[in-house]
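First the structure, then my questions, so here it is.
Chains: A, B, C, D and E, in written order; residue numbering restarts at 1 for each.
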Amino acid sequence: HERVLIFAAASTAPAIEPLTRGFAKAEGGKADAQAVFAASGTLARQIANGAPADLFLSADKRWIETLAKSGHIDRTRMAALMRNCLVLVLPNDDRRRLTLSATLPKELGDGRLLLADPALAPLGAYSKAALQSLHLWEPLQGRLAFQPNARAVLALAARGEALAIVYRSGANKSPGLRIAAPVPETAPILYFLAPVAGRDRPAAQRLLAYLKSDAARTAYRRAGFIAVDAPCPS
Amino acid sequence: MIEVDVRRRHGAFALDARFTTDTQDQGGVTVLFGRSGAGKTSLVNLLAGLDRPDSGRIVIGGAVLFDSERGIDLPPEQRRLGYVFQDGRLFPHLSVLRNLTYGMKRLGSDGDGPVTLDTAIELLDLRALLDRRPATLSGGEKQRVAIGRALLAHPRLLLMDEPLASLDATRKNEILPFIEQLRDETGIPIVYVSHALDEVIRLADTLVLLSEGRVAAVGGVEDLMSRLDLRPLTGRYEAGAVIAATVRSHDAPGGLTLLDFAGGTMRVPYTEMPLGKELRVRVRARDVSLALSEPADISILNVFPGTVREIGGEPGPQVDVLIDIGCPLWARITRHALEKLAIAPGKPVHALVKAVALDRHSLGHGAGRFRASNETR
Amino acid sequence: MIEVDVRRRHGAFALDARFTTDTQDQGGVTVLFGRSGAGKTSLVNLLAGLDRPDSGRIVIGGAVLFDSERGIDLPPEQRRLGYVFQDGRLFPHLSVLRNLTYGMKRLGSDGDGPVTLDTAIELLDLRALLDRRPATLSGGEKQRVAIGRALLAHPRLLLMDEPLASLDATRKNEILPFIEQLRDETGIPIVYVSHALDEVIRLADTLVLLSEGRVAAVGGVEDLMSRLDLRPLTGRYEAGAVIAATVRSHDAPGGLTLLDFAGGTMRVPYTEMPLGKELRVRVRARDVSLALSEPADISILNVFPGTVREIGGEPGPQVDVLIDIGCPLWARITRHALEKLAIAPGKPVHALVKAVALDRHSLGHGAGRFRASNETR
Amino acid sequence: MPFLTPLETEALLLSLRVALVSVVFALPVGLLVAWLLVRVRFPGKSVLDAVVHLPLVLPPVAVGYLLLIALGRNGIIGGWLYDSFGISFAFTWKGAAVAAAVMAFPLMVRSMRLSLEAVDPGLEAAARTLGATRRRVFLTVTLPLMAPGILAGGVLAFARALGEFGATITFVSNIPGETRTLPIALYTLTQTPGGEAAAARLAILAALLAFAALIGSEWLARRVKATRGAAARA
Amino acid sequence: MPFLTPLETEALLLSLRVALVSVVFALPVGLLVAWLLVRVRFPGKSVLDAVVHLPLVLPPVAVGYLLLIALGRNGIIGGWLYDSFGISFAFTWKGAAVAAAVMAFPLMVRSMRLSLEAVDPGLEAAARTLGATRRRVFLTVTLPLMAPGILAGGVLAFARALGEFGATITFVSNIPGETRTLPIALYTLTQTPGGEAAAARLAILAALLAFAALIGSEWLARRVKATRGAAARA
């Protein structure tokens, strides 16, 4: 009986959690999979320090780069699994019609725009890049607040404390929020799956394959992600 | 007036004390006397409000401090009783001076009470210690500060739990007159716990004998000390008679003071006292000898003729003999002398009292100052 | 043998004590006597190793406990000195029984030492308290437990810092003989701090008078007590002479024991003692009267002829008179009597000593047991 | 401060301010609670005890979230505070101080309780026989005798406040210059590839800070002890 | 346990084991350190003091990261331990216990120190005159008199260990059945859309656990006090 460990960014939990069960069923007792969720940076450092991970799943390009460069993941067998999109969300009861226009800083009043921390989460990095390309990053200084990860941004936004830029995958599942506007990305937000170097057991390879299968794609969609090559809805 | 009627259990120990002392307006000293473990400290804690009786009533100077039936239980700070603790309890974080003045806040001024700060410092010889912290004081120094602190709090009654036990004789003899003076001049009543008979004799107006949590006897020092049945409690070694007397005249050049008492005139070392002053004289049995004829050319100044009344039945080589010289007097002689002189009840004898064994004590209050109650129930 | 030569500063207080006591193999009691704040506790702490002298040397029974020059400083547990603290210091978390047995571990057995657990419990009347915690004990009960605890640790020397101060007279008189017995039978030397003269007289072989941190005098009780220049330290009230004597014979039916001493034969109340036993007799000046002729038919058994040697110069109505009756004896009489009887040096007199004022004390050791040094430098 | 980058200086000063304010405000409350818990009998005592300990046993993020629910701008108390007084804790350094105070509170109370329990009631009794009311006894006897424990509790709380992260970031987010305290800055760096050196610098800075607080408190404690006089050699 | 899901039971039992083991091992070390800090003079004392307090002032994640670097399989100490004895802390429940112990350590030491400082040196001196060596004095006098403080410290540490999250997830990751303690399970649930209810259950469970420990300790402390006899009415 083999156990495969996949280290996955916390925001992928809704998609990956059911798939580990599916994998165990498919393996019929030969092997099963266990997912370890945490911040990408935490997981990456653990892998660099000898964590018994077989696969690494993250949207954080910086850490993927770092691990690839230090030889901890096998870049040649890395694959993009799914894609996510950014949206601007408002609490359900907030009836304002806000868009990401030049007037946004003024329309915020003494409210704040909530982002994931660009230094911590890929969501943050993508949000920052988008705001920069819209020339809103500078004007919004002083009106921004950062949360460490995507879930935290959603939780705070759902409390009605601020507007927020979040993943579409999360916004879909949050009953207290409505999507005010899509946020145009500068580059597609892709989740990469890579085997950890030196741990390519057959079972790990089978899980890798399973996560790229059609069954898996359905699960991703169900969790609010879109296909790698699909466009973001506008 | 102190009226106490309390019950309190501590594990196997049960305190059940009832007594009343009557003093008109004036103060007076009530001494709680009893063996180690008799319940003296327990009783004082009840008076101070630091412990609560299971039931009972405490009235001091007309003020009801505690009454379980009427649901009265004054907190300690409102009882206005100064307490000198058996174990010191100085505030370790305050200097000696600030320990002394801690309770002076009660009056809001610095010298309003019957005792001023300066008097207390001088008398208790604390001047050199004022800036020190209690931790560096010697045992006796601590106790002196504790006495000063309680005095300066201007209490309506002072509770003193063996305040002099850790003081040397010289110091004791300096402080005792101060306590006497306090009693006589300020009218602050004092409840004084002691197991030292010399202190008891000197200070007590009323003596409360405690034994195993109960009041074995309450009354005047004179009465209780001459009672044979209380000897197990008052102690044999120190036994004697206490005699009330009045200052008759002085013979200053001769170094004598003459006192009138029921048995005639007694000559004691010269002491400055107003004529007519009532005082108490203690004659210890061990300081009284007997002779069949009046001895001549002897340094003993007080020789009183009298009659043998009773011979104590204690075993051992010494016998206490009760003599009537107009008032009762105890003499302790050897059994050998008893036989040699053929002492027996009814026999006329002369009692030789060494003048130097007399203790001075002012009475100051009329007789019948106390009502005994609850004696060895 | 105790050899002490230490210096220690505490703020403004400087202890500078040097003295030696010589006792051959046997124990003996060295009493540290002095006023409150004289430095008694400070000195005892140095002996016990609880405080370190700034410089000096401490040798007890041949063992060097401290020597600043040789760099020796034995830790307290290796000094094997039992310490009865002035402030009790019972272990609050242990029952009385476990407090008592705490130091018995030293021998590893339960009854090996000179004092067995049962003896101590019986003598100190602790049976009923064994399961209690110290917090619930009365002041005197605590001190009794503390004494028992130190005794049971089988020390080579006992340090007792005012162990009886919080005990009543009855209890004191029960425990004092026990300490005497300890001294006599176990040979454990004792350093005893006290300001009570009766304890000093009863117990002391060597007396160390401390005054303001210095040794004012060291020597035998006999010598120091009869020295007029030490009166300010030893106290006047209690002054007297101490006389060495030997048991000569018993008169059990007559209730008498006869002692030989330098002035002849003395009759004291019957006491069970072997014939020939050396002991010490204390005669307080206040218990001695003078007569010009020998009085007849008097209950005073001891009348010694003698000659007046010296008349004390103290002011006041009473005078101390030194009489030579073969050995020195002090009598305290009134100035009135002095004049009436025309007492002057050289005059023959009879000294009347009340037998009951005698204290019993075994000497047990030869003379010259101490070397005085450093007297009031 | 010449050795520090402007970012470090900012985080340092902010952390100091937040920790200091939190301790100053928590101290009297802590004292009151400690006193209630040690010396007073009342129904619901164990409930109070439990509530005080809550921040200790709950994950900090949960505490932050609870604070948000209570004190956020849409929170029960926070909404009222904002509507009535215009006071807002969310997204401000004051909120960070609140979070730090709440998290440090149980430690402070614990320390005070221990020292209060060590105060000899006999001394308090003595003070009362000298005519002091309960209040005066507390101020002149109990409090000074507790001083070492209060000091210890205060320093502990200060140190804990300096290190507070989870509740702070959840409650007030990470706003540079407003709520980016040392620990938040440090956390951010650990999640950044190549942030090791800068993170180490900040860690050392935090350690030095704690160090200074501790040494200060030791020194104070020694002074307190010295004025009380030393006991015999142990 | 009928009210708990298997996952909850697993996390609960794991948390209990981790917290218990961490306290049991930290207790003697904490005692030693407290004793060194209170009763011994040696150079570098304040450095030791500061190091002990470090986990308090550093963000837990930073502590976890330091542990990972030191005790990870590639770490300085961890590598040696693994090579020489085959012991590995990283990514095992033992590592979680280490992280919990380290984080709880300063609290434990503080509590012990306060109670040690309250022990009357006069009693220790008395014990030594009775022939007890330093060691026996410590075991029979100091230790029993410190008992309330040790108890308080131990329970505090236990509660803190139960709630430990940041250092744990950084050091030993989030491995179900091995290192997914209650707080980490709670975190995982909050990362999952719709996990709020389950997360609340876990939070309540954690709080109840800690309360049980605290109430137990109060009860024990009261018993200790009762056997020592009460003082006068305050």
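By definition in this document, contacts are C-beta pairs under 8 Å (C-beta built on N, C-alpha and C of every residue); 3 or more make two chains touch, one makes a residue touch a chain.
Just so you know, these numbers come straight off a predicted model, no measurement behind them.
A.B. asks: Can you list every chain that touches subunit A and also touches subunit E?
C.D. replies: Both subunit A and subunit E are touched by D, going by the contact rule given at the top.
A.B. asks: Taking each chain's centre as the mean of its C-alpha atoms, which one ends up farthest from the centre of subunit B?
C.D. replies: Taking each chain's C-alpha mean as its centre, the farthest from subunit B is A.
A.B. asks: Same or different: at the subunit D/subunit E interface, is the fraction of residue numbers used by both copies above or below half?
C.D. replies: Same, since most residue numbers here occur in both copies.
A.B. asks: Which rotation angle, from 0 to 180°, best lines up the CA atoms of subunit B with subunit C, given as a multiple of 5?
C.D. replies: Going from subunit B to subunit C via C-alpha fit gives 180 degrees.
A.B. asks: How many angstrom between the C-alpha centroids of subunit C and subunit A?
C.D. replies: Those two chain centres are 91 Å apart.
A.B. asks: How big is the gap, in whole Å, between where the Cα atoms of subunit B centre and where those of subunit E centre?
C.D. replies: Roughly 60 Å separates the two chain centres.
A.B. asks: Rounded to the nearest whole Å, what is the centre-to-centre distance of subunit D and subunit E, using the mean of the C-alpha atoms as each centre?
C.D. replies: About 20 Å, centre to centre.
A.B. asks: Between subunit C and subunit E, what's the gap in Å when you average each chain's C-alpha atoms?
C.D. replies: 56
A.B. asks: Can you pull out the residues of subunit E that are in contact with at least two other chains?
C.D. replies: Expected reply: 61, 65, 120, 122, 125, 170, 190, 231-233.
A.B. asks: For subunit A, what residues touch not just one other chain but two or more?
C.D. replies: Residues 42, 45, 155.
A.B. asks: Taking each residue of subunit C in turn, which ones touch at least two of the other chains?
C.D. replies: 50, 87, 132, 136
A.B. asks: With touch defined as at the start, can you tell me which subunit A residues reach subunit D in the complex?
C.D. replies: 39-42, 44-45, 62-63, 65-66, 112, 114, 117, 119-120, 144-148, 152, 155-156, 159-162
A.B. asks: Touching residues of subunit D toward subunit E in the complex: what are they?
C.D. replies: By the definition above, subunit D touches subunit E via 39, 46, 49-50, 53-54, 56-62, 107, 110-111, 114-115, 117-118, 120-122, 124-125, 148-149, 152, 156, 159-160, 162-163, 165-166, 183-184, 186-187, 190, 199, 203, 206-207, 209-211, 214-215, 218, 231-234.
A.B. asks: Could you list, by residue number, the parts of subunit A that touch subunit E in their complex?
C.D. replies: Of all residues in subunit A, those touching subunit E are 5, 7, 10-11, 13-14, 17, 34, 36-38, 42-43, 45-46, 49-52, 149, 151, 155, 170, 173-174.
A.B. asks: What part of subunit E is in contact with subunit C in the complex they form?
C.D. replies: 120, 122-123, 125-134, 136-137, 140-141, 144-145, 147, 227-231
A.B. asks: Once bound in the complex, which stretches of subunit D touch subunit A?
C.D. replies: So the residues of subunit D in touch with subunit A come to 65, 68-69, 72-75, 90-91, 169-170, 172-175, 179, 187-194.
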